[in-house]
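First the structure, in the form of structure tokens, and then the observations on it.
Labels run A, B, C and D following the written order; every chain starts at residue 1.
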Amino acid sequence: MKSQKRIADYGIHIGCMKRGVLNAITDVAGVRVGHCTLDDGNIKTGVTVVIPHEGNMFQEKLFAACHVINGFGKSVGLIQIEELGTLETPIILTNTLSTGTATEALVRYMLKENLDIGKETGTVNPVVCECNDGFLNDIRGLHIREAHVLKALANAGTEFEEGSVGAGCGMSCYELKGGIGTASRLVEIENLTFTIGVLVLSNFGEKGDFVVDGRKVGKSIVSLEQPQEDQGSIIVVIATDIPMTERQLKRLCRRSSVGITRTGTYIGNGSGEIAIAFTTANRFAHYEKAPVCSIGIFNENHINIAFRAVVEATEEAVLNSMICAETTKGRDGNARHSLKEYASFLYTLIQISKSGSPEDL
Amino acid sequence: MKSQKRIADYGIHIGCMKRGVLNAITDVAGVRVGHCTLDDGNIKTGVTVVIPHEGNMFQEKLFAACHVINGFGKSVGLIQIEELGTLETPIILTNTLSTGTATEALVRYMLKENLDIGKETGTVNPVVCECNDGFLNDIRGLHIREAHVLKALANAGTEFEEGSVGAGCGMSCYELKGGIGTASRLVEIENLTFTIGVLVLSNFGEKGDFVVDGRKVGKSIVSLEQPQEDQGSIIVVIATDIPMTERQLKRLCRRSSVGITRTGTYIGNGSGEIAIAFTTANRFAHYEKAPVCSIGIFNENHINIAFRAVVEATEEAVLNSMICAETTKGRDGNARHSLKEYASFLYTLIQISKSGSPEDL
Amino acid sequence: MKSQKRIADYGIHIGCMKRGVLNAITDVAGVRVGHCTLDDGNIKTGVTVVIPHEGNMFQEKLFAACHVINGFGKSVGLIQIEELGTLETPIILTNTLSTGTATEALVRYMLKENLDIGKETGTVNPVVCECNDGFLNDIRGLHIREAHVLKALANAGTEFEEGSVGAGCGMSCYELKGGIGTASRLVEIENLTFTIGVLVLSNFGEKGDFVVDGRKVGKSIVSLEQPQEDQGSIIVVIATDIPMTERQLKRLCRRSSVGITRTGTYIGNGSGEIAIAFTTANRFAHYEKAPVCSIGIFNENHINIAFRAVVEATEEAVLNSMICAETTKGRDGNARHSLKEYASFLYTLIQISKSGSPEDL
Amino acid sequence: MKSQKRIADYGIHIGCMKRGVLNAITDVAGVRVGHCTLDDGNIKTGVTVVIPHEGNMFQEKLFAACHVINGFGKSVGLIQIEELGTLETPIILTNTLSTGTATEALVRYMLKENLDIGKETGTVNPVVCECNDGFLNDIRGLHIREAHVLKALANAGTEFEEGSVGAGCGMSCYELKGGIGTASRLVEIENLTFTIGVLVLSNFGEKGDFVVDGRKVGKSIVSLEQPQEDQGSIIVVIATDIPMTERQLKRLCRRSSVGITRTGTYIGNGSGEIAIAFTTANRFAHYEKAPVCSIGIFNENHINIAFRAVVEATEEAVLNSMICAETTKGRDGNARHSLKEYASFLYTLIQISKSGSPEDL
């Protein structure tokens, strides 16, 4: 993935399951991710898009679900996912006050791609999720414009950057620098291998609570100057090729909170924590004619392994979002240090893990 | 159906869709209904069971969903239906204070049928729903015992009585006599014919609000002596052979409230209004081995016809529960008149419908 | 109210409760409503705003709740209302594809009014609801711009027009012309009098299902030429001065569906049916310092009268939205007739009601 | 607390907040807990009750909320808590197949205490929660009878045992012995001190996932013989004297899942994870006459400290439920070791914590 040093590259291995080739949400075939970053003085913001498959999303909807872990958030489009169990647009991530702009941009994009929307057929349900980057970014400036959304869509590919990029440009996590992170896990059942990929936009947590792979490192990290801004949030996008129903996808969404809390947070009041999951295996054609269709449903007796995959991938994605991010100085001199600056600390952590950890007693 | 005069036999035809042969929930192949009635002086209560298919319900679970229209109720087993989307026992209906007894009875029944429960495999999720028959019944006496539940299960068949029978023995509806009612509708799509059947246990409503087929008859019905007891509830069981996912079944459940409110109620505070829906078309084997199974999903583009079927069948089932019921004198001299006593009134209603109704203007 | 002839002016009186002075949502003290209408050839759309109180909504939040009756809709801001139980902006109503634009406009309006948002404090939760006016309106044109939202906000007052105005300009209801409607009811308990006001944006229903005050008039109304467009929705805004908690307000929201269905609909698949309720009696200051505050809670033992008020006001508001609307010819020659054109029919309906109705038997 | 050695007595201190005097749910004034234990050969089960206040619970209801973390469970009474926001009985905990019996017993207890129930007034909503103790207990035997529930109610006091007692007698946690555990935290705001107490019935988790205070000890604990029984569950009861609304109490419930997952679990498929919270500060009289009452609401701006308290107390309660439990041999020779047997391991863990932990780098 774009030659960044990720958490595993520091010798910290989250969980016990196998990773996909890229260790990214794009290990799920057809999924692409694109960024547009606005990084200029007080402006530290951007757009990240997840494109679920390579066809026309409106014509070929995917089965999807969402879950609100904590609802202090302004995400757009979840009501219809909940009712109909389908996703019919790319997912846009951006800053909180720009959801309106991004919604209009995504609507225009969908209208252009689909001349029937709003004319021969109904409307379209744009999905836009957000976190508040106002600590580093001049969020009041509403700097995101339609062109930035289109650029992120145009940029989408299977390899992409993590950290202070796209929607992650101005985000904070545990009062360090947060942003975009990803990871994946393979789900092997009998002779079948499925993939679960996770992408997060991280922007939550109090520094003192930060945990890396079970170690409470937060309290050891030297104090930064800024006071805690309790407006954190996290968006989790889960992709899989396991055939699942909406109910099962919703159960996956709920496990993402376990991955999040493994990094230490207690899910604060001000957090807009939202998970969206989709499967590329079950589709629904907009103009479907057949009265009854056949879809795959995952055997619930095996679902624990999928749950574990979501938990591990979410935890690792949060850590990747931090370790790949750069120390950033933004709006009004506010700054966030990168977790990278604590590399020597992490090194020691690894040594302990290898030689004297409780696990080896 | 057991030679009772039902609402359609009075010339009142609810809705516009075709009915099944029995105009009953048992028009859905495999569904059976059984009653056990306790009618002795102050004791006016009973048990009604819906058995969803003829096999072993625990071994062959059905896809199911539930919906709480108003939650002033004590129904048992809905949490697991919501999480797993399956029904694994018959559905028991009884009075509010007897849900514990009925739960234990159903557990014993399931244990006897399945020697693996609680030993080689997990536990079982008994589903027991209730309304409060305390106006007519000595509900404090807890007269329902295990034997009554077993008797209702043993009695189950495709033809069954409506009105003051089984769990409906002591129920009131619009301050008249309520109880068990049923109806069905055919869902015809292209060359396929499906069935939706509804069974209700009716026990809700204020007399003045009562509506028959759009006519506000409540205010015309002469006052009965008893004061209004605002503890009403209704349980709606929806069966279908349309292949649906849990999400779709839940959408059906939510339409039952339209059918209920067409009879005039505004859904009072004290109402435990619960709907449960299952399909006989999608099953899940308890010991399923395959990682992925295939299930049918109904084309959402056609779902409006299924919604309409639920609404019509629910409205008619409520009216059947009333018109089939007998005037009943119960606990402490409390009494409920049957809607039948207003037959001449209903006759006039029909004449108006035929000759001078707004529909014909 | 702006000298329009409303449903009661035709002699059709919905329900039995007393109305407020204006019979409008603005009978709740402090509530104002404003419109901006775009009516020009193919452009039939607009914006309607409900301003809940006369102060700074962000600084003095109101207790609020919402409920999704059917989630085929794109409304914005409900997640946070659900989590925090507060409303902190005016409510904007517009067409489905313009929610993004309206969200950005409302954000800019709030930023201007509150220099602390996104800087010294967190972000703001804009609430924007929508229906699809694409049958009459060139909805693909995205004609709503920021200025229209600001104009509607500036226009807000206690007396306002109903029908084909504001967001209602291009809406359809039962394949007739729909739009904005309102009504109110007084809730009298002991020596106290409270008010419940409802405003709807109506855009739902199949013509054959239309019911006026219990009469199934839909089938009698002569056929219009256009095929049914099943993309209907309805937004219901409920205001009250009864002190209620978020849970109680949510219960009010759920009763609005009873009022809606009394006009005949079965709640179709394509309907985005959303209710939002707020009370002007319980407020929460953004910078509240006290650890514990005191709020009023309505005695649940009396709540049935409030439920009935919501049902009656919602039913009447839908009828007002139709009877006040003008026959409209819009996009590509599509047209909707006004219910007014059936005035003679309604007159006959009244005569029947007065002389030979079932109620008088 | 009954002279048992609890997790803090081993030098393991969870979190950073102050504890109450007893470090138990009974630190909340008025709350009492009682057990009845059935421990005889294959019978390893029991009943635990939480009595929320010392008055008549039906006459003086408490504000309450519940949350289903994972719904593979059979708890009784949650629907009405959700709708009405009140708790009107003690909370009974027992094994999964005995919820029916316990419900009937609790109903009989409430009927005896309240002669108006089911006669002059409506019914009562019994709250019974459960976990599956079938690995150690002959759960098919349905050994819990009414007398055991009554005995647990009679035994209730402020000091009580933890571990393999009451409903916890036969429970397993992380494939070690689980059961009843408790802890409390003080919430200090300005000059006010409130208490949050938690009681858990623990019965979940796979051994390899077990974490103590951030250390992944599960993998180090020597393998036991039994295969993993994935039928785990946990019930969390949260008591507080902070005045809160039902919505706020529900937010507390949702934080209990953070405390649970801090002990390592990923929330398995088979888990019935339920949280119930009540406040002793807001009450509602059954025969309340006043149209409007006043209740306290906690300032949401301060709620993070309450969230943290729930997380810490839940985590510690789970650990107490394990460390206080005894190694138990039950049904068919199945056995669970106590965490106590790993005391030397825990000792080493402490030493590492004190001298060479990451926190001190």
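Note that in this section a contact is a pair of C-beta atoms (placed from the backbone, for glycine too) under 8 Å apart; a residue touches a chain by one contact, two chains touch by 3 or more.
Keep in mind that what you see is a predicted model, and the values were worked out from it rather than measured.
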| query | Given the pairs C-D, A-C or A-D, which one repeats the contacts seen at A-B for over half of the pairs? | reply | C-D
| task | Report the chain whose mean Cα position is at the greatest distance from that of chain C. | result | D
| task | Tell me which of B-D and B-C has more C-beta pairs in contact. | result | B-D
| Rounded Å distance, chain C centre to chain D centre (Cα mean) | 44
| message | Report the inter-centroid distance (CA atoms only) between chain B and chain D in whole Å. | response | 36
| Just curious, how far off is chain C from chain B if you go by their C-alpha centres, in Å? | 33
| request: Could you list the positions in chain C whose residues touch two or more of the other chains? | output: 70, 83-84, 251, 300
| So how do the chains connect up here, line, ring, star, complete, or something else (other)? | complete
| said: Please output the residues of chain A touching chain C within their complex, sorted ascending. | reply: 68, 70-80, 82-84, 96-108, 111, 117-119, 122-126, 132, 134, 139-140, 142, 231, 270, 272, 274
| note | Listed in rising order, the residues of chain D that touch chain A in the complex are 69-70, 211, 214-217, 219-220, 230, 251, 254-255, 257-258, 261-262, 265-269, 300-301, 303-304, 307-308, 311, 345, 348-349, 352, 356, 358-361
| said: With touch defined as at the start, can you tell me which chain B residues reach chain A in the complex? | reply: 83-85, 189-190, 192, 242-243, 245-247, 251, 284, 288-302
